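This structure is in structure tokens; I'll ask about it shortly.
In this document, chain identifiers A, B and C correspond to the written order of the chains, with residue numbering beginning at 1 in each.
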Amino acid sequence: MTGGFGLLVADLIGVAVFAASGASAGVAKRLDLFGVAFVGFASALGEGILRDLTIGAVPPLAFADWRYAVTAVLASVAVFWLHPRLNRVRRTVLVLDAAGLGLFTATGTLKALTAGVPPVGACLLGMLTAIGGGLTRDLLTGEIPTVLQRDIYASVALGGAILVTILQRLGHTGLIALAGAAALMTGVRLLALYRRWSAPVAVP
Amino acid sequence: MTGGFGLLVADLIGVAVFAASGASAGVAKRLDLFGVAFVGFASALGEGILRDLTIGAVPPLAFADWRYAVTAVLASVAVFWLHPRLNRVRRTVLVLDAAGLGLFTATGTLKALTAGVPPVGACLLGMLTAIGGGLTRDLLTGEIPTVLQRDIYASVALGGAILVTILQRLGHTGLIALAGAAALMTGVRLLALYRRWSAPVAVP
Amino acid sequence: MTGGFGLLVADLIGVAVFAASGASAGVAKRLDLFGVAFVGFASALGEGILRDLTIGAVPPLAFADWRYAVTAVLASVAVFWLHPRLNRVRRTVLVLDAAGLGLFTATGTLKALTAGVPPVGACLLGMLTAIGGGLTRDLLTGEIPTVLQRDIYASVALGGAILVTILQRLGHTGLIALAGAAALMTGVRLLALYRRWSAPVAVP
């Protein structure tokens, strides 16, 4: 089983894309270099810290393994310097966010299952890990959290978390299974954005 | 001693009312079904997750015991579908919030005491458990947190936490003692709302 | 080594100044007595609770040791009653904030190192402990977090955290070394405020 290495690679890619997503939002709000790096760091690692605390893994990976923090900071700084070439910042944020959604749901759910959290809790935790990144980014940059509005986001994460739980039960926890589940979630999310699918709102 | 069962029942009722309170606020802000369920879930379970992390109970009950998450989601979805019949949403939020205040202060304080937290810390933790629900709901729906404004709220929770600590010292930790303390807090909170009692503001 | 006592004294002074900083912001927003005490408590102890959870110290000191909570509440109440004499509230907040920045970075970094967190993680945790106080205060009082805007703040904390890590490696963990590092950070922060130094913003 290559789950350990698969988890690390998928996790670091997820950290990089969520950091880039947070940093793009920070640049759009005209924050300074440290503000951009902080929003990137918090968006990429905040929900992982919560997940690690929740499964009793202290100190959380974000502090115990320097590769996480360095990845988040490098991705944020790269966005800070390169963003004039990323000429459609709003679209970039949405695409990176979709990629982060898939990767973090996959790794968050698998980590929770591996730590012995029951399936219902592990699905919730995987979903919250994925939602947390965008929620943190939006709260820190003064936007109404995207995930709470009329949009397909949490449902993609929840569906993906259930898929990963089933895959884990069937013994598929390698890099390819994880990447496949993450890519599927990212694709569904992008399709939902493109087709403007949205969840129902209560009757007034 | 029936503390275990009393705690579970009081806790699940608290979860349901805080989820309904959060969901009502989400409906009022025109969030979609998942947004409403998320605000309900976070309002009902967010502060319990923090409390469980604080007393070293990992994974927190919200993830370890599926009844918590299911109760929160069912209560939120019920509010989502039934709210046109709840014709005074604002008032409903306030009443549910008062009930949640009482129940969560009682269970939060007792859990902290049972986990060996000293009395001063347990009272604070019980108060914060109760305040956290409303705070989460207000932050997520873009309202200035009710608890911080000119109002009797935190003081009711603090008084109730001290009462529960005294009751626990006297050996009363059953369902009836808990329900009585919770009902007393809820009553005082509703009376404070009705009579428009408020805490002092600093001289300008 | 008097690290234990030095840590306690520096920590309690940091708690008092951050509570006063939070309480001043609460008074400026016309919150009631409990709102002011809550913002003071959360600004002073919120990030310490996160730090303690992160290094596996449960229950966190804020709940396990009554001196922390009492210090935070007394400092907040003192600001509530005395603020008319603090005739330049805005300036008071900034100076207290600078003092808290220095003290919390020093104690946060040292606690993380003592708990076995690797240097990179300990520096980040020390910086976040210091940033967290102001972030909590600004989020609770509806201000855009100072730390994220065009300003030298996080960089002072990060530089100070690295300094404390070097001092700890050299065996200097007593009260005088900590106070010196904290005073240096506070001085640099005040100088940055006075000279209006600021970090770069991305090219539009």
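The rule we apply is simple: a residue touches a chain if its C-beta (ideal position, glycine included) is under 8 Å from a C-beta of that chain, and two chains touch if they have at least 3 such contacts.
This one's a predicted model, so the numbers in the text were calculated from it and none came from an experiment.
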item	value
Partner chains that chain A and chain B have in common	C
Chain A onto chain C, rotation angle from CA fit, given as a multiple of 5 degrees	120
For chain B paired with chain C, centre-to-centre distance based on mean C-alpha positions, whole Å	29
Per-residue multi-chain contacts in chain C, two or more chains	53, 139
Touching residues (chain side chain A, partner chain C) in the complex	26-27, 30-39, 49, 53, 58-60, 62-66, 69-70, 80-81, 83-84, 139-140, 142
Interfacial residue positions of chain B with respect to chain C in the complex	53-56, 112, 115-118, 120-122, 124-125, 131, 139, 144-145, 147-151, 153-155, 198-204
